[in-house]
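Taking it in order: structure first as structure tokens, then the write-up.
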């Protein structure tokens, strides 16, 4: 059977080479894009780092004193959004994956997915027209009754368009994507592990605590990171809803609120000229770096207990 | 620490599909009962009704009575959580919690109930359970390593340790050895031998030698054809089933030349 | 404690209850009764305390406080009757359901708002006209619909192959340094703020097409930059879920790797991948800021991605809102109607994707 | 689209065709849309795009030569003009700047039962600076003895974005009430305090949805909100197109500019009768001599249309702006004629 | 249609970990060879080196030679895809493609390779393969139903049908019956009996009865301890191994009372 013996000798198949080649190509496209974006950002930013008030009219003094409050506001708003959105989206995801009846669950999942499609402008319009007026009386009540608590100290905003409102809008915006990911992950929990917990006499919540949540931990972190990325970078909704000034304050309910980098770019870019444009792009670079650092930390958290991860 | 199980006129459904029909059965405390039968005849399904794990599957339900020491499991105000604490279960594929260490795995069931177990109590319980599951010597040096790092047989014994750590009175086992090599299988069979001094044990197996080796009584289930419900054909002492069954189908099945 | 219905000794948690499998349980309708009572109490509080406000009785507030009141009440009752673990379970059930209901509030409010305002201008004109030569009332969004579809479509055509191939590389081929590098870069890319993507695309096309040009293709590139990482991330997750058994089954039949990927791995994960792609499209189709910068704004129809400004629905919504003329209602109505249109488009895409996914999805079950 | 194709009137004598791109101030967007609509209807082969990307962006775009004209809420300043480098224009030629869009800025407020208030510059500045915090403050009551003013906190609302409106408004405050308002005129609100909202629409929404709010916005958008009559000399002037046009006429041109560069320096302290000092003047900026003569006819013709009484009326109708006076029109027309 | 396999000094690695060491073995054409041994001794690992499935695992590699009819599989210019077409494989857990019908599953090896095949040829091939796998009668009415709808034993036979449809010369089976009930096991053992007339068959099993029933020769693998490499201890005729092994370890293993 010498024919067969030569048959097993063949050169690498072209299909394989083309396919893996194009996969590598696609991967390197990402590299190229990213390099281009980074290059663009850095080149455009360099003049800003050394600019002073004379060069760029929007700078109070140096670039860093300009970006500092914005950075604070960006992180503060995103943190507020995440504090609200993470527990709620885990709740919704659990409700859909483990509490709601099967039939209902897929419909509910679809409805929540749809929220992801609402453009940020519409969230902005809704935030201004519906949400802010609705929460303003609650804010007023909070300031009157628990105003001693530093976060809630007055004077209350007359329109309700505070950083807390922006946080709520952001939370609503990031909910769908976070819920979708958490839900998918929770649904993937091996039935084996769920049944193992139940067979030990766990209640539903205990089963979720022992089997579902640990299994979904990395997924939850991924979801939170994607949500955080979106919250950090969200532009229009924040620009429209937030009553922004350059303040650095933790107060949640007053008219004076920190602005965010992305919103500030949207607000200032149309009137920007000369070095001011570079300054705004440089703030974009800072935002880029912050988001990346957050991502890296999340990766690290996920990988730290890899050994114990559910993926086996 | 062990219980008598009585099953009366039990029908088991998946949604509209009747999977097991009209089972009547009595299981004595401190004995090992084996369920045998061809694939799809409803052994696993029936086994899972004994600790209300069946109802975990959406749409699954049950008609009839399962009495444990005279108390019907399916009474409306019975709490399935309590049932499962008294009736433990070991599955076909070992399923230690991958996010937990060996020790945490053993304590998983106990921690649910009694959060504030002292460290020394916990250590004692871990040792006792692992000793009970014949695993202590193999893992005592690496209790903090993930449970998923063990071999299949070790994982299965870890699951048994986890099940006995909550001190159940009945242990259900669904083909606990089918994924294991003979040495691990032997270890688990030895373990069953020991456990039966304290617990009531029900085991599903495809391996007839195993059934004849470990069980006191054997129940043979059969199915008339796909889509038909499974039935309990014969239930008797293991020796009777294997040497002198009263039903033809049983004889055919156990006298197959395989095992 | 004198009220407890069940005199079970709660001390011996470790020893099982010998005589019975029944623990104290709240009767089935109890949660509903407690919810009703909580709402009634809250309503009474609102009445008595005059929190209702001059405008009339504050039903929303009463319901909300009632629901909030329910959560500790159910826990308390369950604690007294059923013990700690059951109580915890009920508490979490209440919280999880509460989270869901809470999330439904903005959704419903948003939906109602968009539909009620959007329907004012949901007429034939709106879908057959552009805004060319229109001032004040009238006009339509056909040009913006076309722009949105063209730009999002182009972005999808750019990013789906790149994203999908990258995730295939990461899951099926990637080992070691390069794969880790790409994962890292994708992470970095998720961090690009949308407005930066817009600035980047604008600057990029200024180089090729002359300074200051705003074209549809620049908008599409901006969207693609935002879309690729989402596609990679979600497809990667989904491809990893395909059991290795299937790949091995295919290899063992003497099927080359690339055919295994194309014919076994992709079809098996198609449902998840489509969901991910839909999420990524939904993520970018509503982007305003980058399109405003990169693609600009026009009132007229433009079918050419490579020449001239191109409108899109989100930008249309934004400009109609931001630069209202006379009468302002006409502008606002157009804005809301365009928002409604955009949501409907995404809904339709979503439905189509689900159907496609269902068609290809693995057929399990007996 | 249905409105694009068959719109051509068959007997149209227009021979103009081509594509014109403008970009800049969003304040004049509504007016631009009206002008474009009117002009395109008369000249069906012409397409004009106006990108309301903002004055700064508009000026940059024009400077780069990416647009044929810019709309801007301020004229180029002296240094910028001197620096030159306008890519669209023939080298070493001047630009023309035409004040084509004049819009009064109204001070709007939302106080139940009060439709109009008389205020002087110092009081307005006090309110926006945060010195006057109650609607029943003595300063307000003194100016409005007949009004029933509630004991309600004042929430001043300003623009959160960089804008010409803010620049003009703060310019007015600084010029007319220098003791109270010590900040420089600037497009960005100069201090932290008060409520901020994006764009005219944001300010109007915030004032409308809040209580005890007060803000400033393009007068056409005042709607049902209460508005302030501003003290000029001894009288209180409500905003009106005529009063807004009047202040422009009463103000001097910036000195040292070339012929056709009609940059105006609004005299905020003018005491002339019937002028309303809080106005925004938005310019159309083009080249005196275009480097490429292709579109010159189109530019001249479009500019002329904007300046024509008809064009100004269309804008007034659509955007609520103030038509320019005939004297100003003469200057503008002369400047347009000089374009080549 | 069957081949002789020779293995010379084979070391198998997972990254740095040496899993199987120094195997020398000759397998005759048209015979059934069984691999037995305790869990983790490298049976599966070794089996997978026989059709280069081993190298699918990242970091896995091999030293030594595997000759099929004298041609070394591990020559640098050998195409593993072609090797796998000649050496088919059946896995422990049945793994039909979930996206395909029964018929498509059988044809998978042909269709996935983009070979064009006429409809009638395809139908013939499906029938022949399913007949060969003893499954035709059970599924002939529902060839268009999904393959995952079959019972475990049927799925396993479907996988065998899929493997023989590409006309390999050697079939490797890794514990093909461990997830199956006795009736399905019997069916597959019968099938092996038939297949060996045409193919060279290598089977891994934990079930010693099964090994003694179906195989002509048996190889016993063992491992000295965790972390140590597995070794081929003894390789001889099945009867010799089970009745009169020359190595003590083999005797200990096969004489265990289980199996």
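Order of writing sets the labels: A, B, C, D and E. Residues in every chain begin at 1.
Going forward, contacts are C-beta pairs under 8 Å (C-beta built on N, C-alpha and C of every residue); 3 or more make two chains touch, one makes a residue touch a chain.
The chain lineup, named per UniProt: A = Phosphate transport system permease protein; B, E = Phosphate ABC transporter ATP-binding protein (PhoT family); C = Phosphate transport system permease protein PstA.
Everything quoted here is computed from the prediction, not taken from an experiment.
A.B. asks: Enumerate, in label order, the chains that touch chain A and chain E alike.
C.D. replies: Shared contacts of chain A and chain E: B, C.
A.B. asks: Where's the contact count highest, between which chains?
C.D. replies: By number of C-beta pairs in contact, the leading chain pair is A-C.
A.B. asks: Going by the average position of its CA atoms, which chain sits the greatest distance from chain E?
C.D. replies: D
A.B. asks: Per the centroid of Cα atoms for each chain, what is the distance between chain A and chain D, given in Å?
C.D. replies: For chain A versus chain D, the centre distance works out to 38 Å.
A.B. asks: Approximately how many whole Å separate the CA-defined centres of chain B and chain D?
C.D. replies: 83
A.B. asks: When the centre of a chain is set as the mean of its C-alpha atoms, what distance in Å lies between chain A and chain C?
C.D. replies: Using C-alpha averages as centres, the distance is 12 Å.
A.B. asks: On chain D, where are the residues touching two or more other chains?
C.D. replies: 26, 53, 60, 198
A.B. asks: Can you pull out the residues of chain E that are in contact with at least two other chains?
C.D. replies: In chain E, the residues touching two or more other chains are 81-83, 86.
A.B. asks: Which residues of chain C are in contact with two or more other chains?
C.D. replies: Within chain C, residues 85-86, 256, 259, 293, 321 contact more than one other chain.
A.B. asks: Looking at the complex, which residues from chain D come into contact with chain A?
C.D. replies: Residues in contact with chain A: 26, 53-57, 59-60, 153, 155, 157, 160-164, 186-189, 192-198, 202, 205-206, 209-213.
A.B. asks: Across the complex, what residues on chain A touch chain D?
C.D. replies: 57-58, 128-129, 132-133, 136, 155, 157-161, 239-240, 242-247, 255-256, 259, 266-273, 276-277
A.B. asks: Given the complex with chain B, which residues does chain E contribute to the contact?
C.D. replies: Going through chain E, the ones touching chain B are 37-40, 151-153, 178-186, 189, 206, 208-210, 213, 253, 256-259.
A.B. asks: Report the residues of chain A in contact with chain C in the complex, numbered from low to high.
C.D. replies: Chain A residues touching chain C: 13, 15-16, 18-20, 22-27, 29-31, 33-34, 36-37, 40-41, 44, 87-92, 94-96, 99-100, 108, 110-123, 125-126, 129-131, 137, 168, 172, 175, 177, 179-180, 184, 188, 203-206, 208, 222, 225-226, 229-230, 232-236, 261-262, 265-266, 269, 281, 284-285, 287-288, 290-292, 294-296, 299, 311.
A.B. asks: Can you tell me which positions in chain C touch chain D when the two form their complex?
C.D. replies: 125, 128-136, 139-140, 142-143, 210-214, 292-293, 296-301, 308-309, 319, 321-326, 328
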